[in-house]
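Two complexes follow with subunit A in common, the first pairing it with subunit B and the second with subunit C.
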Partner chain A sequence: MSSAPSLAAAIDPRTKMPQERAELHQIDESTRVLALIFLGTSAVWLLVGTIFALIASWKLHNPEFLSTQEWLTFGRVRTAHLNTVIYGWATNAGIGVSFWLMARLSRTLLRHAGILYVSGAAWNLAVIVGTFGILRGDGQPVEWLEFPRYVTPLLFVSYALIGVWGIITFRFRRGEHTYVSQWYLLAALFWFPWLYSIAQIMLVFAPTVGVIQALTNWWFAHNVLGLWFTPIGIAASYYFIPKVLGKPIHSYHLSVVGFWALAFFYNWAGVHHLIGGPIPVWVQSAGIVASLMMVIPVIVTAINHHLTVIGSFQQVWNSPTLRFIVFGAMNYTLASLLGSAMALRSVNSVTHFTHFTVGHAHHGMYSFFTMVMFGSIYYMLPRLLRKEWPSAFLINVHFWGTAAGITLYVVALSIGGWIQGMQMNDVKNYPDFLQIMVATKPWLFARTIAGLMIAVGHIAFVVSFVWILIKKRTVEETSPTLFNTPPTLSLKTS
Partner chain B sequence: MNNGPLLFLGIFFTIAFSWSGIVLTNLVQQTEAGATQPLFDKDTEKVVPAPMTGDAKQGQQVYAELGCVYCHSQQVRNSLSRDGGTSVDVERNYGRRPNVARDYIQDGRIFLGTMRTGPDLRNVGQRLPSVDWHMQHLYNPQITSKDSIMPPFPFLFEEREIVGEPSPKALRLTGDWAPPPGYEVVPTARAEALVAYLLSLRTDYDLPEAPKSVE
Partner chain C sequence: MSAPSTPSHPAGKASTHQLEQAAASDASITAIHQTLLREKPEPTEGFSPIPIFLLFVFSALIFVGGVYIAHYAGDFEPMAFDPSRGKQVASAEPAKPVDPMVLGGRLFNQNCAACHQVTGQGVPGSFPPLAGSEWVMGSEERLVRILLHGLSGPIEVEGKTYNGAMPAFGPKSGYRFNEQKIAAVLTYVRNSWGNTAPAVTPEKVKEIMAAVGDRPGPWTAAELDPFK
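This part shows the complex of A and B:
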């Protein structure tokens, strides 16, 4: 840590830096420890979250499983799963990727990263204590905000520091041009502490009366997806797709429309979780309109991501980074369009309150965001550590386990949820609720199978991660680990 | 888009706009319209909705701690069809009328919920008024609802040796569920509070702004 005057000077962009323009490897070097802290902890949380997920999933078709333990009752394990994957895995991974991207794109060194190490440690400590609190029964009964109130101030302070530091890094940017990924990152880093602090105040510390709680809850919870994870996922896709393919994105001008349409409409979409509920009809309609208008930024992003990829599928298939990221980008388009359709009253009356919604949530958070983060990590770690991934086989297991697993997950819960919704709306033929519940069991079992496939992928990922950290750097490595080495990249052996 | 301050202003404006629209406007609108205040019903001389009792308040805490909200909603929805018509939720006997905002003002923490892995509970006190049924169902849902996927909550009960007279609160369990001879299963204070809360869940009054109750 440095003294106060040097800190003040360091966050002032007018301070002249010794070099005019930092070199790429220096920039990577300045983000290395930070990125490793956040990405390393995210991998641990991914495993923890997966274990909670499997327990919760198993309980839904075998309710007697671990049922004597109050700490592991469904309502708590499920909540521990959500909070560990959201605030442990996804947020840590998102922060690690964001800082690395922000420093690279702003062509500036990350300054005084020590403050970020402390925030990272505090953030993770808060997630550990918070998860423990949830299992103990101290959680707040507010969806997506379950961490007990004794850890949330620590979460807020550590995140606020992270957000401010990201914005400061952006202020130090060199060159006239800001790239589209930077807009998204800047916005995400700013939006999240706002969302989090307002939701904490209006729901936990000074709860508002009646249904305003529900409105605040879904304004927050949907925006965590829309204004925090989605922008980071899009920023990473906008960076890695053209970077790895070595060609510009399809239409840079369109991306401006995409950004502002997302910023403007995504904000309002959360109300679609309350359609038909005891809230004013005008605000439901506003939420439905906003959800439908999301088609604009989604199509724009789809044009830019998919049309850039067209013609280069061989490269996508060979590169671990792109295989994950393009899978993520394709699912972003699909999940978002389905999400807009789900806001229509006629569709919503079927899917609301069913497992369809759970499938959709995983479609967005996993098939899109998590896969993009995996792809980003496959690009970043070799550059941060100056070593290559030890095993293409493990990466393959990771890809197929997660890609097939999550696809089965989303398909099974979508079909099962749709049937469940149709039956719930058909009182004449399905008067007995128990009958409807029993009919969901095979689909819930399929979900457990999908979860096991994903878990295999996660184990392969964490083994790779640990392996690349501990393996020795060798001089022979000159080419990256790809699934199929193209002829131009093969090493000369003679 | 290279103008940093302008970009920042836009980012700020968009989130401020949605918060003002979704949260603030509704808060002001409902407060102004008096929808956050209970009404006095002259016919029955009662305040509606009635304040929660102490037992129910404690039970609500148990409901929160166990995460019941993740599988049970507490809202009878309006009809979703364009031409009005009866609400499916009312048809399914989730309640006699759709809920409106004022129904929730006495709840403190609200549990609207977003999932119906199990049925809606907004009027469970009306639909299933038996304490015995709820106790057995919480002890193990298989007793009352075979093949249910709801978890059992044995930790809300105590199996103990009968000393002197058997407790009047002991669960009436038969067959495989019965405790060994000389033993009884009694609900803990938490189970009693939770059942008090469940039985308190009933929208059995009319409000001027709500659709009429069906009989």
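This part shows the complex of A and C:
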């Protein structure tokens, strides 16, 4: 008999679940150092990726900018941006959030922390070396797999270790019920090593021939979004929305349909990047139908998230965590439905090879996933550090900078990209390719403005992050940092 | 089972120990108190049934998906690439004839307009115009030869002399235009910007290709004089 439940009972016997809360506290303590390592490195990569993004975006409307620096030519900077934000920021943050959630939901202390220390160090080392490799020109010409081949085995091994850790933790879970977030996390931990190893073998170490290469490439690139980032984002939304609101998720049945539909259909959808290409037409059509079928898990998840939120908007608006996460969940619905529409041949013939696709990629990766990660970090750090966020103002700057910035970004590139696509399909009136390209310049400039707004948000976030790390713990803080403090009850005698 | 981990596990022991220590001090009890009280219970799931209209939506989607596959899968032929027809239909129907003006216009904009400009006016002093040019509207013998193997050195067009180099576009050049493409692009330049001259046929191009055979370099204007 350990003393945990008795202590918790001693603290407040009237609370409904004192034992559970004392356990959560112990679990948070056990994950503290590792979670801080993953989330801290992710914040650093976020800044690095933002700098690359701004340089690349500026070059699109002022190509002469930094063009004499071989290391900073567009092809390398843009690639460095993609890889630092995907493997540096998003994956580090995703792993940090996943294993914290996994430990909490499995109700078990962090076991075998050594595995995670090794894999965290190896992963970040590989991303550093890989980014340098890309900048010096060693990158591989495969989209989403540009890291030079001398770092990819390291990435794979460190990732596989994390997968193994996740399975061990799940194996030692307690409690009868497996919560929906756990399904998504466990599945993501299986899916990513599978995707990454197949793509490495078929594209880099024993490359396949001809169109199979393109097919494998887009199978991989699209599934990284759909079977790695999306499940983590959904798992976090499924956890934090009911957790902060203190009410159950709308429907268990819908969660089941959503999970299996995602698992079944997503794997096929990547082919829609090759519509019109020299791929047998039935493969393309299967990809289009699978993209269309993705409407099912998206609608189901949307109903589950949004019906849970409905009626609690005041609370969502006041809580930093929920403001970010609900923004992310809403954009998941929107970006996914747009994505299904973009897979239809008639729409695809306009949007393909235009800035529309770039806007859509950021819609999914930023408006949805990154915002959900921000929200999760706003929830986790006060628990891990037992301190409150130092400044609601900074969180406000972060929210408005990123939310307004990414919305401007997506809207500008969608409109600009659509116009670009219509013009490219209209050879009669727009015979000159250069003329079409010049016409996209205002939209590209709007994208740089949006990028600057996002960068301001990121700086506010990193300042908050460092501040909460170094500030002193005070006993006076009794309530979380909210945007508006709810009115306290007071007795009035009249 | 009452502790978050098995008692034999070292991590479990350590934190149990921590908690006992914490219980000893008032300040840390307050701290833990705070942490615990702000925490709402772990999330749970409700059991609202799936709305019936959703089942209709799903059925409709699956139906549409099935119809789509049936129509656009090209009979699952590995060599079918066109979504609108399967292999059998493709072989039964003759290929649509190509409009040389459309094909030629596209080829011109992609390959020629950089020098001769979309308007066919060329660039004064550097690239000769095609609009109104006696070379374009003159003999096709001469024109086809220029396109096949290129032309370099001084050339007089519309009373002005140009001295440049036009690349070869023939099947053995880097551009690999076949007789159909050469005929199309020449027909296009002979009938655009106010030019009017008879179309060039692929058969004629083939005939000239056979007559010239292999040729190591580009023509000069003087060499082409006999074909005026």
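Methods note: the second predicted complex is superposed on the first by the 465 of 494 C-alpha atoms of A that agree within 3 Å, B and C clash if a C-alpha of one lies under 4 Å from a C-alpha of the other, contacts with A are read in each partner's own complex, and residues count from 1 in each chain.
Following the convention adopted for this analysis, a contact is a pair of C-beta atoms (placed from the backbone, for glycine too) under 8 Å apart; a residue touches a chain by one contact, two chains touch by 3 or more.
These figures come from a predicted structure and were not determined experimentally.
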Between subunit B and subunit C, whom does A:R345 touch in the aligned arrangement: first, second, both, or neither? both
Quick check for you: in the superposed arrangement, does A:V257 touch first (subunit B), second (subunit C), both or neither? second
Which partner does A:L195 reach: the first (subunit B), the second (subunit C), both, or neither? first
Based on the superposed arrangement, let me know which partner A:F353 touches: subunit B (first), subunit C (second), both, or neither? first
Going by the contact rule set out at the top, does A:T68 touch subunit B (first), subunit C (second), both, or neither? first
Just subunit B (first), just subunit C (second), both, or neither: which does A:P280 touch? both
Output the subunit A positions appearing in both contact lists, the one against subunit B and the one against subunit C. 180, 278-280, 286, 345, 427, 433
Touching subunit C in the complex: which residues of subunit A? 1-5, 7-8, 10-12, 15-27, 29-30, 104-105, 107-111, 113, 172, 174, 179-181, 238-239, 241-244, 246, 248-255, 257, 278-282, 284-286, 288-289, 292-293, 295-296, 299-300, 303, 307, 345, 383, 386, 427, 431-433, 473, 475, 477-480
Within the complex, which stretch of subunit B touches subunit A? 1-2, 4, 7-8, 10-12, 14-15, 17-19, 21-23, 25-27, 29-30, 35-36, 63-71, 73, 75, 77-78, 80-82, 88, 91-92, 98-105, 107-119, 141, 145-155
Okay, in this complex, where on subunit A does subunit B touch? 59-61, 63-64, 67-70, 73-76, 78-79, 137, 139, 141, 143, 170-171, 176-178, 180, 183, 186-187, 190-191, 194-195, 198, 202, 207-216, 219, 223, 227, 256, 259-260, 263-264, 267-268, 270-271, 273-280, 283, 286-287, 345-346, 348-349, 352-355, 357-358, 424-425, 427, 433-434, 437-438, 440-441, 444
Under the touch definition given earlier, write down the residues of subunit C that touch subunit A in their complex. 1-5, 7, 9, 11-12, 15-16, 18-20, 22-23, 27, 29-51, 54, 57-58, 61-62, 64-65, 68-69, 72-83, 105-106, 109, 113, 118
